[in-house]
Structures are given as structure tokens and as C-alpha cells.
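Quick one: the structure is below, and I'll ask about it shortly.
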Amino acid sequence: MTFAERMLHIDRRIIFLVIGVCTLLPLLYPVGLAIKVSPEVRGVHDYIESLPEGSVFLLSMDFDPASKPELQPQAVALLRHAFKKNLRVIGMTLWVTGTGLADLVVSQAAQEMGKVNGKDYVFLGWSPGVGSLIITMGQDLYKAFPSDYNNQPTRELAVLKGIQTLRDVNYVVSLAAGTAGIESWYVYGKDKYKFELGGGCTGVIAPGLYPLLRSGQINGLIGGLRGAAEYETLIGQKGRAVAGMDAQSATHVAIIMLVILCNVFYLLIRTSRGQSGQPRG
Amino acid sequence: MPFETLLGAWVATGLTLFIFTFLYQDNPLFKLAEHLYVGVSVGYTIVKVYDTVIVRLLYEPMVNQGDWSLLVPLGIGMLMLARYFPKIAWLSRIAFAFIVGVGSGLAIPRIISSYILKQVEDTVRPLASLASGGGPTFTYNLLDPASNLNALVLLIGVVSVLFYFFFSIEHTGPVRVAARTGILFLMIAFGAAFGYTVMARMSLLIGRFTDLIEFADPRYGRATLWLLLATVATLIASGARRRDHLPGGG
Amino acid sequence: MVTAGCRMLRPLAVLVCLCLFPLTAPEAGAQQALAPPQNLRVIDTPSDSGEGLTVLWARAGYDAPEVRYQILLGDGAEKKMVAEFPADSHYVRDARWPWWTRVDRPDAHQFNLKSGKGLELKNGTPYAVAVAVVKGAERVEAAPVQAVPAPNWVNWNQMNNLLLVLLFGAVVFGSIRAAKRREIFLRRIPGLDAVDEAIGRATELGKPILYLTGAGDMSEPSTIAAAVILGRVAKRVAAYETDLLVPHRDPIVMAVCQEITKQSYLEAGKPDVFREDSNFFITTDQFSYTAAVDGIMLRRKPAANFFMGSYFAEALLLTETGASTGAIQIAGTDSDHQLPFFVTTCDYTLIGEELYAASAYLSREPIQLGTLRGQDFGKAFILVVLALGTLLATVGVLFATDLPMIVLDLFKDLK
Amino acid sequence: MIFLRRQLPLLITFVAGVVFAAQYYVPHPTSELMLTEVTKWLQIISGFALVLGVTSLFQIHAVKIRRKEPGWAYSLILYSGILGTIAAGFSYSFTAGQWVNGKETINGIVTAFGWIYSDMMVPLQGTMFAILAFFIASAAYRSFRARSREAALLLIAAIIVMMGRVPLGEMLLPVSGDVTQWILNVLNAAVRRAILIGISLGAVALSLKIIFGMERAYLGGGKD
């Protein structure tokens, strides 16, 4: 066996190792490669940027642990931005299986930015009925959520002062992993209660949401890990998503290198044998 | 940190690592995770089916709302179980007949609508467009999916691939040329789809790795590090045992 | 009877209109004084599930972007505005109704009112609808017209769909009938020769054969094709007395495949070597099923892996593991999103329709062969439609005419 | 008897097929109601079908355990996984003060069943899925070889699209982003469309044959 032949039949575990290392290293030591920001992500960012201090920002984290890798970085970036702008933040979820995760995300971001529960932000948790819940919130927020996730009566919370219904909310962003999410917030909420709506979603469902963006039903869309990385770039706090995009770059280029290498070896063998390869079926 | 969260972190980390050992070779840890996974998923499905089908779709509407029409699906479902009694096993065919009949009926008009008419409608596009001045022009911006040039490329692609799928005529002469063009289109599309998917798959790996990194934190008792050590040790041990066994016929 | 007659005549009338009044360009810069919208008609929206009304009125000389129409619902003081839009929009031709259901000339205005989004229309209740036109401070209104929304029993918009079903059905059954009378040519499908080769190799090596039927249920064509091919494979396997492993994800498919396998062993004259548990169920969950099948591949080391039917993301997990054990792999799927992975990792892949063709090729039954022939006719028909349609659409743009729509509307997906 | 065994199933298929194909063309609320009702029925029936599968699974592993076949201990693990999850699904949650009944959370409190879901199912599922990342790389290395013109096209398209998707790739080859968009929107769309049209014709033809009793493979067994 020549060297080229041996390289062609290399133990695939070496390839696994290359991919593993190319993923792990950038995650531990992010480089922060420049990322082109798309207008749809800028839409969400610029709207939050334009809100005056003390405006009400509702973040609905409509996903479960399965979509955590893509949507959690989006949630963290949005929360950091909102807290930095001193907005009043309301967190909630339409997905019962995502309640624990959403709570963790909000409280960690708040802790990091030195915000106080009940004064600067509140996490309402989950309540049943997607469409009917949003409609109830549009009529009376306190009827939909009499108490928050920590069983504090919502009426007494300082952060909710002056807020009666969804009409008093300045901006709603839904981070969706499925149909109970951006679409529900549009159909049952925005249409009727006239708040501005933005969205974030997994890469898989993003193409289906672009029509909403084009028609102006949502004013921006953060798509997948890449969208999260763009948002992190915009707020100048490079986090998990930017690191993730570095890992994406590294693994993609690693695979391309591997393919080029394997073709070089293949051509070497072919020229040395002086015969053409067999066509594939 | 609550005990169940901590335990959850350790269990999740352990199972993640056990599955990853599959990349090295088949081993007892992977077998354990694999069988546990099958067991848990079957258990999960049973509970969910009981909760949604038996309780919510059958029992509650029948008993609380008196919707006795649900006896029909209940009966058909029971027929399916007739398979276990050879004498009346043929009864299960009635259930299959119903399921497949409804499925086929539903499929026909919907497939024609969304996979034939819709696709044909989107492919049939004029190869000229109206310029802003009013006269017809040919737009050739490749980046605009709606440009006339792209409409033409799309048409050639669809037509040539369709030619590849002709089975009852010999692929010779012009048909052969069209079918060969179709194969080229197929290959480009397959390559592109492959390259496109890489990102989605890597995202999942990144997700698992960020979890592992998170659980390596002292707050979780450095679960990842300890379990990684234990996993590697087990792999070495089982590898050694396997080598001992090999001379005896593996 | 009278309404049926009207329905027959209406398309004709529309056709005549289309010919007589090809797309007339609106008179540029017509500065006309506002007048109430003319010929206001309100009817129950045809071909719908009820709770809808259609408002129609004539095109006016003052139609321009800065002039606006308002749709008003109710009578007297109770009038409520339900919609407002620029006067140069909402023409009949924009409404995505084909020519055979159009209720007015293409250049008239049409607006559909439907229950929902803050509007409630009840079936059987009469409603008064008026249209107002506004330009700056000027505003004039047409007298309200009453109509009653009602649900309909037939959706005439979708008759082209039904027509295609009937046409295609006739072609398929015609081809089957023809196939019963004489031999039909089928081109060779390269992947199929490999099936016998793979079974032969498994026998030589004394290793089992793994056959997967995919993720679909019994109503999916790919699963049915997979089950039919399993029957052929099982017959060969039975003759060679090789082991067959068929792990399942769908209990019904498992039950059916058990029957099919049993039959194949009977036909091969080897009912004694048939094992009930060669078809077995694992779980419905995608990845735990995959983990289990990967385990089987690594431990039993099958000499040949067959992947037939529909697949999702698990495809690559299965085929790469199979490749690492050195098995011959033959795939056949209509899941277009997984085809790239099968094509790159398997020795042979039946692409899309080839899977169906394979089951016909193997069985050689006139019914199957005839169907394939019928499908070829269907594709030929679609090719003609694509070519002719593109030509007509181009002509439509070049000569600024709506005439090609008479043909093009027939191939639109209408709701 | 022969009628019941052979003709009745075919008759049922025919009637069900024709009725539900026709349903599509009938916009009347009654027809919509019928559709939702029958979809619910199908859901119920498929629930019963699960019994068939689970029995098969139990049987296979019971045999393994009884005969003490190699690896029978893993079958025990599988059994305990099933039983443990079912037990958790129907247990009583003391913190929430009510029966779990297949709910992952009750009033925001995670149940034992929810714990199994998020700390066992999700990581297991996610990791199995993540293994794809490694396999996609090894598959590329093994099979992306320019053996022929077709194979070369495939690998060039794959490389361009991979470049166009990530920041580093766009930096190295700036046009790759645009070319990627074009390949995906135009070439890929054309191919998928043609494949879809082909398989749809096949699917419609098969459904028609099923309804008219020409295709009986789904009933199992040959021609009896």
C-alpha cells in the first residue's frame, strides 16, 4: 500500500477527532470572526435600541430543551441588550416543556447584569392555551397571570406598574421552535392589541417565517445560531453564538480541507496507476 | 442548587458521553445507553399515548360529553388486536383497510394540489418581463430568483430531471442527452444539499458540547470531567478484556 | 337545474368577455370627479364554507393610488368600516379565481369579506354592504346592498384538480389494461442487479441480511414499495436459507411485513425456515430506533443492508455505520432531502420514483408495469404543459394580453 | 365468510377512499367536521397499533432474558427503562400535590416524568443527532472523490455551499455566499421540484390502485 492509499483508507476515528477538536477549541477560546449582519436581525436590534428607558419589553421563549442550542443564545443576547437599555423586562413561555429552561435563562442574564426580580424584570412562567392565553393577556394581564413563576402576586410587582394589558407593552419578541410562537403572537396578539412584534427562530423553521417578515407582520427575524451570532456582534458582547459560529467556520473549513486532501490522494493513485476510475451507479 | 438539578446534570452528562463512545467503537457503555434509550422512549410513548389517546381522545369525550361515536375507532382499534388469535386474525384486515383507505383518499387531491399543480404553477413563468418603461425585456439577474434567466434555468432543470425518470422508453438519442443533463442537475443539487446540511448538524454538536462545557463547572461538581475520566477508564478496561477474549474466538 | 345551466354558461360568458376586452390599460391621468361606485353587487361568496360575502363594483375613471375605497358593513347609523384600500387595487383579476368561477369582468373591483379578525358574518343572516370612495376631504357612498352568506357544497375553483385526478386515473387504468395484453418495455435500473449480488454475497459469507422499511406508515407509497421489494428479497433469501433481519418503527408495517415474508417463504418452498421474529419492532422514536439498528449492524455484521422507504435525519447515521462494517448497501427512497446522503454513502441508490419502478421491475406484474407506464404518460403530459405554459405566459407578457390565462388557469393550485 | 374475509376489507377501502377524496372538493362545514372527526379516529386507532409493536418488543427481549442469550443484561436494562418511565408517568408528585398522569410539569413544577424527559430523553436524543456531525465529515471524506464528471460536480457544489454558509468561508471566497444562494434557490429548487412531481404521480397512481382494490400489499400476504 502506498502512502496515498493508506491515507485514503485512513481510520475514520481520526476524522472524528479532527471534527471534535475543531468544534471544541473555538467554543473554549472564541476568535470572534467578523460576521455580516443581515437586515432582518438589525430590525430587532434597532427597534430595541430606539426604545426609551423604562419601556416594556416582553420576551416569550417558546421552545423546549431540544432547541436550546440555537434559541438560548438568542434569548441571552436579547436579554442582555434589554437590560443594558434599562427596559422593563417580562419573560414568559408558551411551551410548558421549556418553562424551567426559560426561567434559568432569564434569572442568569438578570444576575449577570445586576437586575432585581420584581423591580427590573419578572418571569411569568407558563399558562395553558396558546391563543386564548394571548387574548386574555390582551384583555387583562393579571387575569392571565395572577402570580409569577415564583408565586408572587403580579399586581404588586413594581416592574409591572402601569401595565394593564398587552396594549401597554412596547415590544414583544417571540423565540419560536414551532407554530406556537411567532405565528400565534401575530394572529392572536399583534393584530388586535397593536404592539410591535419581532421574532427569533430555529434555522429549520426560518424559511417559513420570511413571508411574515416581508409583509411587515414582524419587524425583524433572528434565524438560528447565525442570527444569534449577528445579534451578539451588534450589541458588542460576543458570547456562545459567536463562539458557535467560529466552531462552524472551523469545522466547515476542516471538512473542505479533508475533501480536497482525499481528492489529491485519489488523483495521485489514479495517475500512478494510469487508469480511469469506475463510474458510480 | 436543588438535588434533582444536580443529579440531572450528572445523568445527562453521563448519557451524552456514553453515546459519544460509539464513535470510538461498540462497547458496554454505548450498549447500556442504547438499551436505556430504547426503554425510556418506549415508556415515554406508552405514557403519552395513554394520556392523549385513551384519556383525552377516548375516555373523557365519551364519559363526560357522551360522544359515543368514538366507539367506532375503539372497535376498529380492537379489531387490530385480533391478530393475536389465529382464528379471527383476518378481522385485523378491516382495520388496515380503513386506515389505508382513508389515507389514500385524503392523499389524492392534496398531492395533486400541492405537489403537482403548485409546482407546475411555480415553474411556468414568462421568459420576458415588463420593463419600467412599459416594453418587454429579458431580466438576467442571477441573484433574483424571479428573474427571467433563472426561470429559464429552472425550466431546463425540471424538464431534464423529469426525462431521467422516464422508465418505459429507452434512453437513446435526444432523450439520452436530456436525461444526462438531468443527472448533472441531480448531482449539483445533491452536493449543495449535503453542504447545506453540514451547518445544521454541526449546530447540534455545538449544542451538546456547550452543555458538556457548562456541566464541567464547579457548580455542577465538575460532572463532565469526572465522568469523562470514568468513561475513558471503562473503555480501556473493556478494550483490554476484549483483546483477552479474542484468541478464544471473540 | 337552472343554476346548473348558469354554471355551464358562466365560463362561456367570461371567455367572451376576455376576448372582447383584453387587458385595457387605465386611462392615464384621468382627472374625474368622484362619483358613487357603480354597479355595486353583493353576493354570497361562491365555493366557500360559508360566513363570507363577495362585493363587486365597476372600475371607475378615478381609480388611482391616492383615491381610496372603503367597505362598510351594516345599515343606517350602525355602519362600520371593515376595510380600506387604494382604488387601483382589488380587481377581479387579482382575486386568484380562475376564469370559470369569475363573477364579473376581470377589470371590475372585487372584495371578499370573511368572518374572523374582528368581523363576524353568520350564515343565513342578511347583511347590508356599501362601498364608499374617498379622495382627500371628498367622500361619496353607494347605496347599500343586502346579501346572505351561506356555505356551499362544491368548490368550483378546484375543479381543475378533480379533472386531473380523473384524467390521470383513466390513463393509469388504461395503461394497466394495455399491459395485461402485451409486454411493456422497461429500461434497466442499475441498482437492481446489485440486489441479487448482495444476497449471494451474504450467503457465501454466512452473514445475515438487514432490511429496513423506513419511517413511513402503510399508507405511504414508499413504504408499500419497500414492502413489495421485501417480498422479493425474502423469496431469494429463503431459497438460500440466509438470515433476514427486519427491524421496524411502525407496528402496522411490522404486522404487514410479517405476512409478506411468510408468504415469500411459502412461495420459495421453505416454510420451515421462516421465523416469525425476523420482523420485529423496536420503537417509534427516531433516534432510539437508530441507536438500536446501529447496534445490530455492529454486532451481527450483516453482509448486505437494504434501506428502502422514507427516511429522515437518521439516514446518515444508519448508512455510515453500515459502511464502517463493510456491508454492501442498497438504498431506495423518495425522501428527497435524504437522497444526498444515500447517494454518497451507499453502493447503489434508487432515486425517488426509481423506488416505485424497482418494485414493478422485480415483480413483472402487469398491474405494476402498467402503472409505471401510466406515470410516464403523466410526466410526458406535465412536460408538455411546462413547455406550452411557458410559451403562453411569455406571449401574454409580450402582447400584454390575458388570453393565455384560459389555459394557464387550468394548471394553478386554487383554494 | 369468504365475502367477509376478502371482499369486505376491499369494500371498506373503496368507500373510505372515495369519500375522503371527495371531501376535498366540498367546502361545506359538514365536510370539514367529518374530516376532523376521522383524523381523531385515526389517531385513536394508531394508539391501539402501538400494542402490536410493544408486544413484539417485549417478546423478543423476554426470550433473550429467558435463554440468557449474550447481552441479556441489556434487555433487563431496556425493561427497567420502560417500566421506570411508565411508573414515573403515573406516579404521585408530592411537591405539586397531584397525580402526574403523563405531564412533564405541573404548575411549573417539574415532575419525575419531566425529569426523565429533559435529563434523559433530550440528551440521548440530542447526542444521537450530534453524532451526525461526525458522520457527515467521514462520509464526505470517504465518498467525495472526483471519480467521474458527475461526482466532481457533486463535490464542487458541496464545497461551494459549505464555503458560502460560514463567515470564514465567505472571507476566503467572497462570491461563495451569492453562488450558494443561486444554487439553492434555482438549481436545487428545480431538481426537488422534478423529483416531487415524479413521486407525486407515483403516489396518486398507487392511491388510486388501492382504492380500486388493485393493490393489496397493505393487507399483508399475496392473493388469497
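Annotations for the structure displayed:
Here the chain labels run A, B, C and D in written order, and each chain numbers its own residues starting at 1.
Simple rule for what comes next: a contact is a pair of C-beta atoms (placed from the backbone, for glycine too) under 8 Å apart; a residue touches a chain by one contact, two chains touch by 3 or more.
Keep in mind it's a predicted model, so treat the numbers as computed, not measured.
Across all inter-chain contacts, the pair with the most C-beta pairs is B-D.
Taking the CA centroid of chain D as reference, the farthest chain centroid is that of A.
Chain C and chain D, compared by their mean Cα positions, are separated by 19 Å. With centres defined as mean CA coordinates, chain D is found 5 Å away from chain B. Work out the mean CA point of chain A and of chain D, and you get 25 Å between them.
Among all residues of chain D, those that touch two or more other chains are 21, 24-25, 46, 49-52, 54, 57, 71, 103, 110, 117-118, 122, 124-126, 128-129, 131-134, 136, 138, 140, 142, 144, 150-151, 154-155, 158-159, 162, 165-166, 192, 195-199, 201, 203-204, 206-208, 218-220. Each of residues 19, 22-23, 31, 33-34, 37-38, 40-42, 44-45, 80, 83, 96, 99-100, 103-104, 107-109, 112-113, 116, 120, 123, 155, 158-159, 162, 165, 186, 189-191, 193-194, 197-199, 202, 204-205, 207-208, 211 in chain B touches at least two other chains. Shared interface positions of chain C, defined as residues touching 2 or more other chains, are 158, 161-162, 165, 217-219, 252, 255-256, 282-285, 287-288, 291, 299, 339, 341, 343-344, 351-353, 375, 379, 382. The touching residues of chain D, counted against chain B in their complex, run 4-5, 8-10, 12-25, 37-38, 40-52, 54-55, 57, 71, 74-75, 77-86, 89-90, 101-103, 110, 113, 115-134, 136, 140, 149-151, 153-162, 165-166, 178, 180-201, 203-204, 206-208, 210-211, 218-220. If you check the complex, the residues on chain A that touch chain D are 10, 12, 15-16, 18-20, 23, 33-36, 65-66, 96-97, 99-101, 125-126, 149, 245, 248-256, 258-260, 262-263, 266-267, 277-280.
Here chain B touches chain A in the complex through residues 23-24, 198-200, 202-211, 213, going by the rule given at the top.
The residues of chain C lying in touch with chain B in their complex are 158, 160-162, 164-165, 184-187, 189, 217-219, 252, 255-256, 282-285, 287-289, 291-292, 294-295, 298-299, 337, 339-341, 343-344, 351-354, 357, 372-373, 375-376, 379-380, 382-383, 385-387, 389-390, 393-394, 396-398, 400, 408, 411-413.
For chain D in complex with chain A, the residues that touch the partner chain are 103-105, 108, 110, 114, 117-118, 122, 125-126, 133-134, 136-138, 140-142, 144-148, 150-151, 155, 158-159, 162-163, 165-172.
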